[in-house]
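Would you mind keeping the following structure in view while I ask a few things?
Think of it as A, B, C and D in the order they're written, each chain with its own count starting at 1.
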């Protein structure tokens, strides 16, 4: 499988956030998106996840299963928010997403107990999600990546609110995923501790005033 | 999909959920009416069906604004948008769960309030039946409003304002079916059938429109 | 002096949830047994006595209706006292007591409404009239449900206790309205015949089952209330322990 | 008088059901809370016994 982005650009409102971004990722490859605040990292990831339609350019998946309409259907997206309900227990949250998402072709998610063990919090799956600290919540949100199989992981600031130990734990999860032939795209300020990654540095458009309502 | 249904049901029953609030609001609204119009039992039994219907309409609008906003606030909506399962089904199932948690209790509570309104047994039965058929339509219409207002900071009031005009046909045929059941010359079935048709119509149109609105609201 | 200090010691004993749990464990079987005895006697009396010449068999409904109505008001008074305890003395168990009482009060109020309406249908010819007494009891029922909803809506008991205490106290104005509504407005509901300054006006034939049933219902209320308070204390312990478990799980991971 | 007796029995029946429901709720609620507490205590003991182990690895 090969994820191809060609000449992507995106707008938010009238502002052009980024322009002409192209890359190609094969299985087992990771792309780390870096750049200052406001340079459009999150916007790029949302475009890749199919949540925003690009202004121009397109996203393609080569050698993908034929019934897939958009790469987002083969992707996990971990945004700034964890997509977990505070009122439900961690186990209820995870088993809901496991059943709701199902597995993409070519793999199966791991069991719930294994997933919470993999993020290092095996004892507290029976607690309501709201009782957990910010770092624990983030780790449980990562367990969500494991319970349903998706070949592509799109991660937006995955290690925010994590301590050093959890950082390493997360890097191991990503490595294991790449080792199994996955694709990872992550926006981050911190180094993920990955060895072989490609980097996309985004600069933003301070110099660029190409909006519709600007004087040419 | 079944998982989504039960998750939403669980959420509305858990602490802070809206399942009980709707019924309570319904009872309060209906209990307030006799203070306004006076305790004349004949008058109350005449306007009873209409009051029950208006109360149920207002009560079922109560929790609607959180239908998608809660999902958006914690990021769940993003994941729902990404799935292979069409958003249409997700919206439909969410509406069904919302109705089971807030609409169904209204239907169950309506006979009790019917007694308070001194309504006859036939009127109570007819009201219950029309509510059972009609309230899903309100939920489906409300889903459109909730989806449109999903990204607004004060969407709650706006949802009510957007949805109430659209829900008027439901109210008209619901109430007229009940009165047709009480008063002999008017036939009962035609308005009931129209009510059922409205519900079926909105069960299709509502999720389609709501899904479209959600797609465009996400960014 | 010594009596005073003894009383204070007992009061503070009650304030300690662990002591309260121990006390409740010892007290509950006796209370439950006593309640059962009173109910057996009361039910036997209420079916053994003759019917009223005016009301016929339906007078027997009164043996349930009057105690339930009495409890609906007493339960709210207990809650109001507890609310005062929360706001003025900051008694730790007061909020527990008020929270535990709300569902029980709602049930008894529901019973009073239902039995009243089952009595009203054969006697007045209608299930419900909007007279002052009935309406104010219905409002009381709605208030109980509203308080339960409020208690459920606010997750954190430390925050919800003050808020719901204020609401309980404001709602207390309804109780005198219920009590005196029958005298202030001359309505369909008959005036009180047991709790009067010049002594009861009803026949001892009906008074005895009524009194025994009232005592039985009151005992039932206290039994249930103490048991529910115990549950509420346990619930708070579970919550506290869960939060502790979440915190210590984080610490455990960091030391690894 | 037969219909009156029906009203009497209905009201006693509803009263019995409500009271039994209330008792059942209190009892079941208490049992559930005790079970949760026991579970938490059980896991707490495990946590306490696990602590020296993690100290050793350090």
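Worth a mention:
Here is the rule we use: a residue touches a chain if its C-beta (ideal position, glycine included) is under 8 Å from a C-beta of that chain, and two chains touch if they have at least 3 such contacts.
All of these numbers come straight from a predicted model, not from anything done at the bench.
Touch-path distance (fewest steps) from chain B to chain D is 2. Relative to chain D, the chain whose mean Cα position lies farthest away is A. Each of C-D and B-C has its own count of C-beta contacts, and the greater count is at C-D. Between chain C and chain D the centroid-to-centroid distance comes to 20 Å (mean Cα coordinates, whole Å). Centre-to-centre separation of chain A and chain D, using mean CA positions: 42 Å.
Taking each chain's centre as the average of its CA atoms, chain B and chain C sit 34 Å apart. Centre-to-centre, using mean CA coordinates, chain A is 37 Å away from chain B. Contacts with at least two other chains are made by residues 155, 242, 245, 252, 256 of chain C.
Shared interface positions of chain D, defined as residues touching 2 or more other chains, are 43, 47. Multi-chain contact residues of chain A (touching two or more other chains) are listed as 123.
Residues 15-17, 20-21, 24, 27-28, 31, 34-35, 39, 41, 44, 115-116, 118 of chain B touch chain C in their complex. Only residues 1-4, 7, 10-11, 14-17, 73-76, 78-84, 218-219 of chain B touch chain A when the two sit together in their complex. Within the complex, the chain C residues that touch chain D are 56-58, 60-61, 64-65, 68, 103-104, 107, 110-111, 114-115, 118-119, 121-122, 220, 224, 227-228, 230-231, 234-235, 237-238, 241-242, 245, 248, 252, 255-256.
Contact residues on chain A toward chain B in their complex (touch as defined above): 12, 46, 49-52, 68-69, 72-73, 75, 77, 79-88, 92, 95-97, 99-102. Contact residues of chain C toward chain A in the complex are 155, 242-243, 245-247, 249-250, 252-254, 256.
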